[in-house]
Amino acid sequence: MRGLELKNRTTTEDIKKLRLITAVKTPYLPDGRFDLEAYDSLINMQIDNGAEGVIVGGTTGEGQLMSWDEHIMLIGHTVNCFGTEIKVIGNTGSNSTREAVLATEQGFAVGMHAALHINPYYGKTSLQGLVHHFESVLTMGPTIIYNVPSRTGQDIPPPVIKTLSQNLNMAGVKECVGNDRIKGYSEEGIVTWSGNDDQCHDARWTFGASGVISVASNLVPGLVRDLMFQGKNPSLNSKLMPLIEWLFREPNPIGLNTALAQLGVARPVFRLPYVPLPLERRVEFVNIVQKLGRENLVGDKDVRVLDDDDFTLVSRY
Amino acid sequence: MRGLELKNRTTTEDIKKLRLITAVKTPYLPDGRFDLEAYDSLINMQIDNGAEGVIVGGTTGEGQLMSWDEHIMLIGHTVNCFGTEIKVIGNTGSNSTREAVLATEQGFAVGMHAALHINPYYGKTSLQGLVHHFESVLTMGPTIIYNVPSRTGQDIPPPVIKTLSQNLNMAGVKECVGNDRIKGYSEEGIVTWSGNDDQCHDARWTFGASGVISVASNLVPGLVRDLMFQGKNPSLNSKLMPLIEWLFREPNPIGLNTALAQLGVARPVFRLPYVPLPLERRVEFVNIVQKLGRENLVGDKDVRVLDDDDFTLVSRY
Amino acid sequence: MRGLELKNRTTTEDIKKLRLITAVKTPYLPDGRFDLEAYDSLINMQIDNGAEGVIVGGTTGEGQLMSWDEHIMLIGHTVNCFGTEIKVIGNTGSNSTREAVLATEQGFAVGMHAALHINPYYGKTSLQGLVHHFESVLTMGPTIIYNVPSRTGQDIPPPVIKTLSQNLNMAGVKECVGNDRIKGYSEEGIVTWSGNDDQCHDARWTFGASGVISVASNLVPGLVRDLMFQGKNPSLNSKLMPLIEWLFREPNPIGLNTALAQLGVARPVFRLPYVPLPLERRVEFVNIVQKLGRENLVGDKDVRVLDDDDFTLVSRY
Amino acid sequence: MRGLELKNRTTTEDIKKLRLITAVKTPYLPDGRFDLEAYDSLINMQIDNGAEGVIVGGTTGEGQLMSWDEHIMLIGHTVNCFGTEIKVIGNTGSNSTREAVLATEQGFAVGMHAALHINPYYGKTSLQGLVHHFESVLTMGPTIIYNVPSRTGQDIPPPVIKTLSQNLNMAGVKECVGNDRIKGYSEEGIVTWSGNDDQCHDARWTFGASGVISVASNLVPGLVRDLMFQGKNPSLNSKLMPLIEWLFREPNPIGLNTALAQLGVARPVFRLPYVPLPLERRVEFVNIVQKLGRENLVGDKDVRVLDDDDFTLVSRY
């Protein structure tokens, strides 16, 4: 597709400056379809608390459980309703180059401001294949590359990133390998976002990251905003650590989904293969909330411990 | 899906007032994908010449040749780029209730202002089935019902329309059966748009139609605007008649596609089963343009007679 | 796709000889998914009673309400379970040339013996466009062309059929226009099947049709078999007429679906936009069955009048 | 879907006995569509050389680059053409439970003999989520679970396998973690296949594996057959090791695709993100073939070193 819609686009430079991007949760109705009312409310909470961008359908948002038409619709919906208030970054990556190409075309056509691209997980490929894959989509608009070997089974090594950085659409890297890697990129002038909430404070203030693409900010957007904008604050960072550790005891977004349900801001509906954390973890969460202060978390209902029976698990969604 | 996106919606009353809606052509690249650059240009011509709404992916726009993800993407794209300047009416109808339901949900989610719904063509159903079909989608937002028995094989009779009119989302009917039918609806207070360019002047000024959903306005938007806004004008109506007759000698959009290619505003690419008009008709078109005045038609290139070899026919698009 | 699977194919000549082909109903589970157990049972009834072929996902089988993956799966399933006992003719036609091409490739790949192709309904096209459309799929294997202007809004005229008949894969025409048209084709040596149960006896014995593609044979396969194989039998033909008239009082397959539910061979589940016949018609059916003799119809349960509450209508299937 | 098609199914016990299953390559036409002619030829080579089963659309067959309709079609095609001669095991696994459920229903409906199921790669889940995921599909028919943490980022630990083994449809595990793990399962009476060609000889003869699900057998089916059937043969195993090492220097199926192209049994067409091995590796392969003896590898053309220009890389397939 060729389009004039470029006029609506954010520049790559605009994307590079973002400090707080939330990998936003996708909430569901009891039959497993999107609960757009809850979604819109979550996005508004992000805007109100200072998030500058959202990843739509990331691993946190369970893009891997969406059909592409659902996924593109959600991107288009977010742009249409909130695109003037927050940057909309569509996770249009895929381990299939074909799917990545089609989804990225469609995502930019419906107005997303940038694309997030993962390397081909599971199927994997050679380093040369990685470059071909990313170059197939980099022509289309501002792009963040996402490196998370613990999910993909394959690291994107710095030489590949450096090659890709010659493309003007390359905004930077969401890097989960750690702060040494981030430091290296900073020294090369390559923009990074920490993909690990527990490392993001140091990444930002010590290792040169532009900011964070955060899961925890779904819950405490204002505090993560402070962490990214208000200068070094090891005390706040420490205060958040119990929540962050709790969030990642099982693969994300299991913890986040459980938490948002208990905060009353999303229905307790899980698309399989995700299932809620067990009761003892759910009790722990309530304690963590009480220590952090309920007012620091999203929503205005009392936090509560849900019973097993409160949750709906859906396999045909 | 449940969503707060209602805040972005146009009301049904807003839709009822539209006088000139263009069933806009979808232009293609040589491989059959959408040519969004040409599309955006076509939409801008509509806006500049006073069209108030567009049907995206109607029969004219070849929605029947699109995959649903292409179709929803095109709706989302149009909303994103032009939604503040023109009403975007998505043809999210289908002869499958399932597809109509899903597409209409997605269309409203990406911001379309109204839906166009056809009765189940080809498969057909009983009158009771028609009501069930339309009621499955009428809850979602402003809706225009489309009646064109020459395509669907089945008339939507007035009693069905009257039943549907009790729904507050029902904006009116795109009616192709003729001006007597339109007159009857006008007397009942049911809004209509003529679906026949050759009858729209009389429909508007004599039989009570709100306006037209036009094919010809793809070519002569300013003149059709005058026809709908400037009072009775039989002289202008007569002046347009040779073009209109030429347009519909073969099933629409064959004539329109041929014309726009010869005007240089869309590439001469056809998705099968459409093929261009034969040479003698193409010569006729140039003569018609010269009589109407090139300046009254869209585009600024010279009109020319294309050769058979200039056209690309695509079966895998 | 290129394949060696030709070795499994039936020849066009084999298809031409078929006298009784049933346009088989697709039965559903209460959530709208296929009820393959009931389907397999229906197919076995056809085999046991002498049907020589089935149309899978025809208009009777509600192909227009299937996704293509459902449709191809059903073709593959039928081939896999019954392909040595009955000819499997997949309705891989579409009003989109792209969809027709892809579905026909896939249908032949999973082993269907022939394709049924409709002209582009609703969207329509020129005669030249018709030829292009059909030629895009005729290369792939034995093909029956389906002409039913009351559904498509456009007749396929004899010159188009004659042009297509030069292709060796062209088996013949399922013709619904009437017996005069069939007579004309017979005189030209073009194979036909009547698409109208009420005309099929005369079509076969007086006008030269090869046989019938039947709806009624879903209910009375043995009697329709007799009608096609046992010579002129106006008495049997008359005896069937009340059933046939009853079947087509509303667009097919509304009557058939209602009948099979009342015979207890399919669940009373309708995919919208189809809804059951009203109570008075359902009572009529029981009377018709009693006159014909229950033993002449499929199934072995008592026929009964279902209540409105017995039926499930599904819009998200 | 409910179906009687169980009559066609292979039992779980039949699957457990298979010793040589080939994870068969999917060959492509220059535009990226399936080359079914080459595919059928590859399957015939497997049958002729003693493979007892094939995995259709595994990671080797690039199922991750297929649309589901392509994938199910390929399974149906394989069953239809070869299902009486070789067991057809469809890789209908997915990291989305919804997709796994739908694909597995469809795969069994078109006649596959068993399903291969991976754990949710990339998205990952908790151990409890793993069990829910697999139990959503285990009801449908004979199933092999596939454990390959180097691709999925998550090991399926023995306790999960033991829980699943209580299901009668559970045939066994394709295990890539190593022969110690295989030994443990053997001691528990759980059937395994080695997923590592370099370990499969020892797995089979020393650690109790039932056999191998092999990549190398695409190239040397007869020799891998000997390795699995003829008793301990460390000499043959050593002879194969240079080929096996060569095959896995880059992520599979990059080596295999390159090899089959140079053997002239598949076109040199790659779906991105896969790209051919570089020239020096391609030269090495020819040397390896010469040492093994050309007659031991599939195909009857001379092996040759292809040039870079001989390869076609496709991103829109």
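So that you can tell them apart, the chains are marked A, B, C and D in the order they are listed, and the count of residues begins at 1 in each.
In this text, a residue touches a chain if its C-beta (ideal position, glycine included) is under 8 Å from a C-beta of that chain, and two chains touch if they have at least 3 such contacts.
Computed from a predicted structure; not experimentally measured.
> Which is it for copies chain C and chain D: same residues on both faces, with over half shared, or different residues?
The interface is built from the same residue numbers on each side, given that over half of them are used by both copies.
> Please work out the Cα centroid separation of chain B and chain C, and write it as a whole number of Å.
The answer is 33 Å.
> Centre to centre, by mean C-alpha position, how many angstrom separate chain A and chain C?
A distance of 50 Å separates the two centres.
> Express in whole angstrom the distance between the two chain centres, defined as the mean CA positions of chain A and chain B.
39
> Dump the list of chain pairs that touch, please.
A-B, A-D, B-C, C-D
> Please name which positions on chain A make contact with chain D in the complex.
It is residues 32, 59, 62, 64-65, 95-98, 101-102, 118, 120-126, 128-130, 132-133, 136, 149-154, 250-251, 254, 271-275, 277-278, 313, 315-317 of chain A that touch chain D.
> Which residues of chain C touch chain D in the complex?
1-5, 7-8, 29, 33-41, 68-69, 72-74, 76-77, 79-81, 83, 106, 109-111
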